[in-house]
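Just below sit the structures, each encoded as structure tokens.
Look for chain A in each of the two complexes below; its partner is chain B in the first and chain C in the second.
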Partner chain A sequence: MNALPLLSLVIWVPIAGGVAVLAAGRRDALARWLALGFAAATLLLSLPLYTGFDPAVRGMQFVEDHAWIEAFNIRYHLGVDGISMLLILLTTYSTLLVVVAGWDSVRYRVSQYMGAFLIMEGLMIGVFAALDAALFYVFWEAMLIPMFLIIGIWGGERRVYSAIKFFLYTFLGSVFLLVAILYLYFQSDSFEILDYHRLALTQTEQILLFFAFLLAFAVKVPMWPVHTWLPDAHVEAPTGGSVILAAIMLKLGAYGFVRFLLPIVPDAASQLDWVVIALSLIAIVYIALVALVQEDMKKLIAYSSIAHMGFATLGFFLVFSIFERTGSLEGAALGFEGAVVQLISHGFISGALFLCVGVLYDRLHTRRIADYGGIAKPMPIFATLLVLFAMGNVGLPGTSGFVGEFMVVLSAFRADFWIAFVAATTLVLGAAYTLWLVKRVVFGTAPSERVARLPDVNLREGMVLGSLAVLVLLVGVWPDPVVDVLHGSVENLLQHVVRSKLPGA
Partner chain B sequence: MKSVYVGIVLAPLLGTIVTGLLGRWLSREAVHRICIGGVALSLILSLVAFFHVVGGGETFNEPIYRWMFSDGISFEIGFLVDRLTALMIVVVNFVSLMVHIYTIGYMHDDPGYKRFFSYISLFTFSMLMLVMSNNFLQLFFGWEAVGLVSYLLIGFWYQRESAIYANMKAFLVNRVGDFGFLLGIAAILMYFNSLDYADVFRAAPLLQDVTVEVIPGLEWSVITLICILLFIGAMGKSAQVPLHVWLPDSMEGPTPISALIHAATMVTAGVFMVARMSPLYELSETALSVVLVIGALTAFFMGLVGIVQHDIKRVVAYSTLSQLGYMMVGLGASAYAAGIFHLMTHAFFKALMFLAAGSVIIALHHEQDMRKMGGLKRYMPVTYWTMLIGCLALIGFPGLSGFFSKDAIIEAVGESEIPGAGLAYLLVLLGVFVTALYTFRMFFLTFHGEERMDPHAREHLHESPAVVTVPLVLLAVPAVLVGWLTVEPLLFGGWFGEAIRVAAEHDVLARMGEGFHGALSMVLHGLLAPPFWLAMAGVATAWYAYLKRPELPELAKERAGVLYRVLVNKYGFDDFNQAVFGDGSVRLGRGLWQVGDVTVIDGVMVNGTARGVGRLAVVMRLLQSGYLYHYAFAMIIGLLVLLSWAVAA
Partner chain C sequence: MEAVASMAFQVPDMTPALPEIFVLTMACIILVVDVFLPERRRALTYLLSLATLAGAGILTLALHEAEPRVTFGGSFVADTMADVLKVFIYLVVATVFVYSRRYLAERGLFRGEFFTLGLFAVLGMMVMVSARSLLTLYLGLELLSLSLYAMVALQRDSARAAEAAMKYFVLGALASGILLYGMSVLYGVAGTLDLAELGAQLSGPAARDPALVYATVFVLVGLGFKLGAVPFHMWVPDIYHGSATAVTVFIGTAPKMAGFALLIRLLAEGMQGLHVHWGQLLIVLAVLSMAVGNVVAIAQRNLKRMLAYSAIAHAGYLLLGIVTGSAEGYAASMFYVIVYAIMSLGAFGMILLLSRQGFEADHLEDFKGLNERSPWLAFIMAVLMFSMAGIPPFLGFWAKFTVLQAVVRAELVWLAVVGVVFAIVGAYYYLRVVKLMYFDRPQGSAPLPAGGEARFLVSVNGLAVLLLGIYPTGLMALCAGSFAAGG
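Right after this comes the complex of A and B.
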């Protein structure tokens, strides 16, 4: 198995596929089938990453390491741990769904649409797999371009404003990332991310780097108060764009915390963890309240995404207070693994919810909640699936949405009662905005004849949503296979995080 | 035995899955046969389990599969089947089966027939998972899953605005309870490092003196904190003041589920949970006192509201609230067995009352207002007699099941020395009068007196079909007998064994047991005791005010206007919640959005930056005039400044 450069394949097969799809030009049917073929092939190629993964190994697996730009000691270095492996699987799966979901709802420049998603898939996987900071940065920046185009070309009415806002916002973060990486390069003469994990840095250096990383990744997550690009981007993006944005792109920010911030500047993080915890709690409460009053379905789900990502960032940063309060790491891994599970689960659920909005939008061309009502009657299958995903969003036990939040709240209790208290308010607030949405869209009476006669999901839509529903339930009922692959990686990370990196320490 | 236990939960689950996924291709008969078959099988297996456990079989406590492993803790799905569980699964499955059968008649003309069966089987599965759990994770799963099905069923008629308002309200209020419950579970994991009941109960006494500082300067016993947090969950699920507000509204759902979920089973989950946690609650008198007082307040004040309701189902719903309060009072007095005993008898007679009310409702073509009923005795004899049995059982008429359980609770509170017991005793005693009053008010208004329905409805009046009346009769049997048969072993025979633990100094049942000489003497003794006379006074008042002098209630309404308005407004809980939590959070959300996101972050910070850059560019452009002498002048000035700085340095 190791003979095959799996990671390179899952990066470059979709990119090559994307180029091939672009070449299909105006032949829409060919473009669709090619895209489907490449997306499916990539998903199949990514599966051995799970089956061949050894949970007992603490370091990186499926490693590929070649010299790239020797003058600067930049290497083509790939590898995954349990966290990035799961995120890669999520990427390959989501992309396949997006291709299928866009099958006949996208009619404008089909080949370019499909091509953009495939290329973006490869780039995003590149971010998750890169172990060289320069390589990471290249993928990180390159990934913005297809998304920028997807919003700007296939988006709604205010697509240009949103696309530029998206680009500038995230680019602002990227600049800080670049500065941080360059600084680390000059300190260590290396672009190896794993070298940075061992690099000694003074507290001042660490604090400056902490803020650079925080800004770079917080924009992407996004965390309050740098979140306002997300609702706009989601509202304007086409369905596929929203799915990838919510399911994968947001995860990149969280992943950055795990790969860069925590292990590289642990002493600063331990001093300033309260910043991230406070921002996470604000996301959980403030954003949930804002979500409550949205009139646009996509905006509501976008805000809900921010609130759910708050759980991920919270889970990652609990370790310091737990260590400080109890003197041991017990309970920290629970929160950390919970945060990763939350990332995966949020990928399923938010992706599914955006696909649901897409299904409705394709039929009625409006996202306004008030334009819908009582769709349970004309669309019973769709309504059932939507309620299921809503319950996932609410974190009902038995769905994947429960697992991560449960673990993080349990872990937060060890850190501080009040952190757990505020985090647990999501039980009420999350239910409030989600169920109110369900009440207004699914239940009640149809406000117009057209709504009363909406056709139910077709086979293609049913398959896409159905497969997500199975995953949401499966992970909810049996999260063991997901959590199990994380133990080694998380333990390893936590060891790094509590070890001081101050010089001489 | 493991396969039997797995079968108990899987049988109804399979019914749900098959009818839920394949429902559209199955006939109505096939759907109800599959679901009823599943529950019937589950009931048979429960009886096997029951007799196994009662016959001295080992308590089963084993994992079924590993849900997750993290941080050195194994989260398992597993079953604990001791006598408490065995009793619960038999009650749940029996009532569920009756309701399944009854549904054939009640939902006969409903287009959602198949969906309904699929839901109630799912409910049965969830409830069984809850009561059979051997750990807090699965308990929470069942806890929330029954809430989900309750949500789906309250909103079953999803085109009714009132129904979908009620179901959202039910879910959210329950979530407030679950919020506490989840924190309680988190506390348990932190202090016990396990979510397994057995581990927790074993270690609990060691933590008796450990304290925690939740609010600076205030030391709390850890056990008290845990118990109160868990009890907040029970307050949501078992509808205790002030989280009771969802239960009356839940009557928007079809009547069979009011019987099954909102009377007999789900709402008693909180009572079951506290009894299950008796090894914890016994360690905290503060927590017991909270349970006792909240229960007593619910028992009395919710009963009062029942007196002013016109909707027949709402009367029964307020009665359920009140009776749940009684159960809680029993638990708070450390008479866990009495609480569970009342849970069981209540399940039978209250399910009976709901189903009888439903029988009336269908006979009158979905009329629920008692002002349009009256004199139904003549038309519906089976419903009449079974309802009468239910009502007598509810008011605790000596000999019927409710008498044994309720009297035991009242006596236990009288004996109890938990702080607050004095107040609670007074409230539950007065509650007996209130119970009899609202119950027989409902009974007389419905079955006796003037026939107030419209003539058209009267023409079509007839007794309900057998699928409706047979469950009524089958439920009436335990409503009469179950108290007689089980009072001795359940309350005084230590029947629950290790399942319920009571500290010696709290053990009021043991003290009462010394004076117990069999069911018959308890009945005879009951005829002389104050609760009986209070109940009779209640019945007599109802008779006088609603049959003899029907103009009296109107008069009382005018005389006691304030009290009447307080009761009709249900003490203002609903208005308060809507204004403060409902409208308040929307207003807060809108404020945060418009001021925080739109104005400050986007307006000033983001777009402001963009505008700022634009303005800066305007200024900068002025500098780049393109005239050579401007540039030359600037260079000279700059050079001068630089030089002078260098010289000065």
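Right after this comes the complex of A and C.
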């Protein structure tokens, strides 16, 4: 199909770039420009994935398949469908923003900072592109290392605690994924994820695997009650770390549900979907209430992320009850696509909000909401952008946040009125904590002379935030380019999800 | 008289044992040469020792054949497993010698005894991995152990080293005694010392003899002591901590591979028929080792002690593969032990490299802010720590991966779950080292020692852990090949 091994390139170019940037040592300027060059090159390399993507094809595209570890039949097998392709684009784009956003604000060990982000970019793309479970796991775990270092080296006061908590928490989840993968290998003699989609498993096996997967991915998403690492990690991470955490890392958990849990153990998932739906609803309502009382801007946005990710998991797990009630895949697909759109949109919006906090933090070195006020006057451009992103977070029509939430709520009505009812409260609660934040930060009177004289965004910051604003609005008013590439892939996936995997079925 | 005539002496085929004979000869020559060397020429002993290991490596590779070659009346075998392990033992010991050189010189320990004892220990290990009878096995084990006791005691003006040597000797002798007792019961039941014959006997009706359960217990207690598996692990931290670091790195690396061979020769070849008994007991040892090793390591402030507890935990993972009683599991354990030796070599090598005259870099605090002082060495150490914790893409991950895979395949999923849960506990103390190096600021501003060839070799060691982790196929195939044809 394609002469160039595009997926390998978008994985290895940033990793090689990261090594090159590390080699720059203490030459900070060189490190910055190298990092920018590699991040931009990776973004450019990833664009043909979209333009060359054929939405009519049901299976994986841009496939590469080579033997890797013969002893266990582990293969270097890459490929993308519509879902992972979009997430890869989100990754390449976010990393470029992070490099630009950290241009001046990072002064300590610049080359290591930039290098860590580039290496992490390659590893995260590897997770999205891997079609071999062992390869997936290698990327999945390896990516913890750069993030651990980013939080621990460039983080805030409690960075050590947060970094170790982040690492151990996510490691806890993923080792169960390892056991699950090994068990599937034992059953099928293959590490191909797509082979697992066709593997017959008894109900008991499925339920045990379901909980292993759930633990692995729920920690990453994160879902209530295993979410407590996220606010700590976010608050202490440097701005770039928060952006990558919110925009990409959380999506990995959701992606794991899509690639592993739903198609491999559908019978257990349809029996136990209420567990995930209940946890998602708790995240949507309870975590939103928690967000309401936060005094730290980053913490508030972190909790809001958990609530929004609850929407995505809700959309994924509603498919069973919708399919049961309506018997058509179409209704289920709507919620599923909505969840994917929600992932992309949340990537833009949460990334943008964390960048906004970063802009403020660079100026005043505090994240406490009470330290700000009335910044609309000294920083009009910034205030406009912040309000726009806040509206996106609320899910106002015309922003990307609306599209995903609306699709999920709409399909929730086909499943159960009360689920839809509870889910829809997010529109109220989300508005409450977001708008209250905006009110306290943007409007009112400045609490101090320094706040009243804050300089507005500079060109670099304006470009970063502006480009995100354009995307938020673009996907909001014209979601077709995103949704169209999803149809085929989601339909194909749902075929596997609704087919029983019980032996003899 | 007829009996004597029928047992006319036949000269055995010496070729399979040529590497052993070469090492023995060279060790004796070096012993003599060293006596006549003036102090400033001591480096010659060092170079001769390295040359001996290189020569043994060449001999082993040149003589290697796919088919096992048995000689000395069936008491000695050179098969693929033995050859692979021997080559890794030479490599590891040679690296230990290079790492230790400056450290020994700065402490007045750069003497011929260290190298000759080291070579005799190597010889002991070689005999162990090639043993095909209970007697040879024990002979090799004792040669190794006695050399190690003496090496620990080499630092004779250090009270701590003397105490460690005493402890090591007493407990080691006790363990050897227990092991020997178990072996004698085996001999009593089966009437043979030959491991292959023993294996055949114990697969037959003789396996139901209740005395064998008794023998199994004694053998396992002895093996548990030698391996440092819980609850027979108490000596490990004291010996690791008390010995000079150059000796610790010796004890903590190559003998682990010989210990693995001991397990395989004894349990897999001699007592495969008793797998029902020893499999169950080993599960207990494995779980306890993983639990105690990983949990207690958290409380350590001394890096050598921490690595000692980590060695106990790794012994637990190593046992997981053997527990399965399958060729696949044995191959997984072999891969694990080689990987562990490589990682542990690097970690101790780093302590040796950072130590200076009158200063041991064996406290965790000494690694504070290493990233500020030398980003490269911090990176290498981080690679080693993440690898020991079992995080991909490093080699240590594949080691855990292969043993867990074997355990799952033996339908012991619960045991795999226990293994990964303790791996999380273990990750904490490895991460703490990374935290100290990267998140904290350095304490002193003393310049790092130059390092020279040791620095280069530590870098190669760390990079090997990374690169072999990205492409572990070759090493895995070597281990699988050792057990492909049933031995």
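We take it that the second predicted complex is superposed on the first by the 503 of 505 C-alpha atoms of A that agree within 3 Å, B and C clash if a C-alpha of one lies under 4 Å from a C-alpha of the other, contacts with A are read in each partner's own complex, and residues count from 1 in each chain.
Please note the rule applied: a contact is a pair of C-beta atoms (placed from the backbone, for glycine too) under 8 Å apart; a residue touches a chain by one contact, two chains touch by 3 or more.
Predicted, not measured: the structure shown is a model, and the values here were computed from it.
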Margin query: Quick check for you: in the superposed arrangement, does A:Ala333 touch first (chain B), second (chain C), both or neither?
Written below: first
Next item on the list: Check whether A:Trp68 is in contact with chain B, with chain C, with both or with neither, and answer first, second, both or neither.
Entry: second
Next item on the list: With the two complexes superposed on chain A, say which partner A:Arg159 touches: chain B (first), chain C (second), both, or neither.
Entry: second
Notebook entry, point to check: Is the number of chain A residues in contact higher for chain B or for chain C?
Noted result: B
Next item on the list: Once the structures are superposed on A, label A:Gln112 by its partner contacts, choosing first (chain B), second (chain C), both or neither.
Entry: second
Note to self: Per the contact definition in the header, classify A:Leu435: touching chain B only (first), chain C only (second), both, or neither.
What the structure shows: first
Check: Touching chain B and also chain C: which chain A residues?
Finding: none
Margin query: Touching residues of chain A toward chain B in the complex: what are they?
Written below: 165, 169, 225, 228-229, 286, 289-294, 330-334, 337-338, 374, 376-377, 387, 391, 396-398, 402-403, 406-407, 409-414, 417, 420-421, 424-425, 427-429, 431-432, 435-436, 439, 442-445, 477-480, 483-484, 487
Next item on the list: Spell out the part of chain B that touches chain A in their complex, as residue ranges.
Entry: 65-73, 137, 140-141, 143-145, 148, 151-152, 155, 158-159, 161, 164-165, 168, 171-172, 175-176, 178-179, 182-183, 185-187, 189-190, 193, 212, 214, 585-586, 588-590, 592-593, 596-597, 601-602, 605-606
Check: Which chain A residues qualify as touching chain C in the complex?
Finding: 25, 68-72, 109, 112, 134, 137-139, 141-142, 144-145, 148-149, 152-153, 159-160, 163-164, 167-168, 171-172, 175-176, 178-179, 182-183, 185-186
Next item on the list: State the interface residues of chain C toward chain A in the complex, per the touch definition above.
Entry: 371, 375, 386, 391-393, 397-398, 401-402, 404-405, 408-409, 413, 416-417, 420-421, 423-424, 427-428, 431-432, 434-435, 438-439, 471-473, 476-477, 480
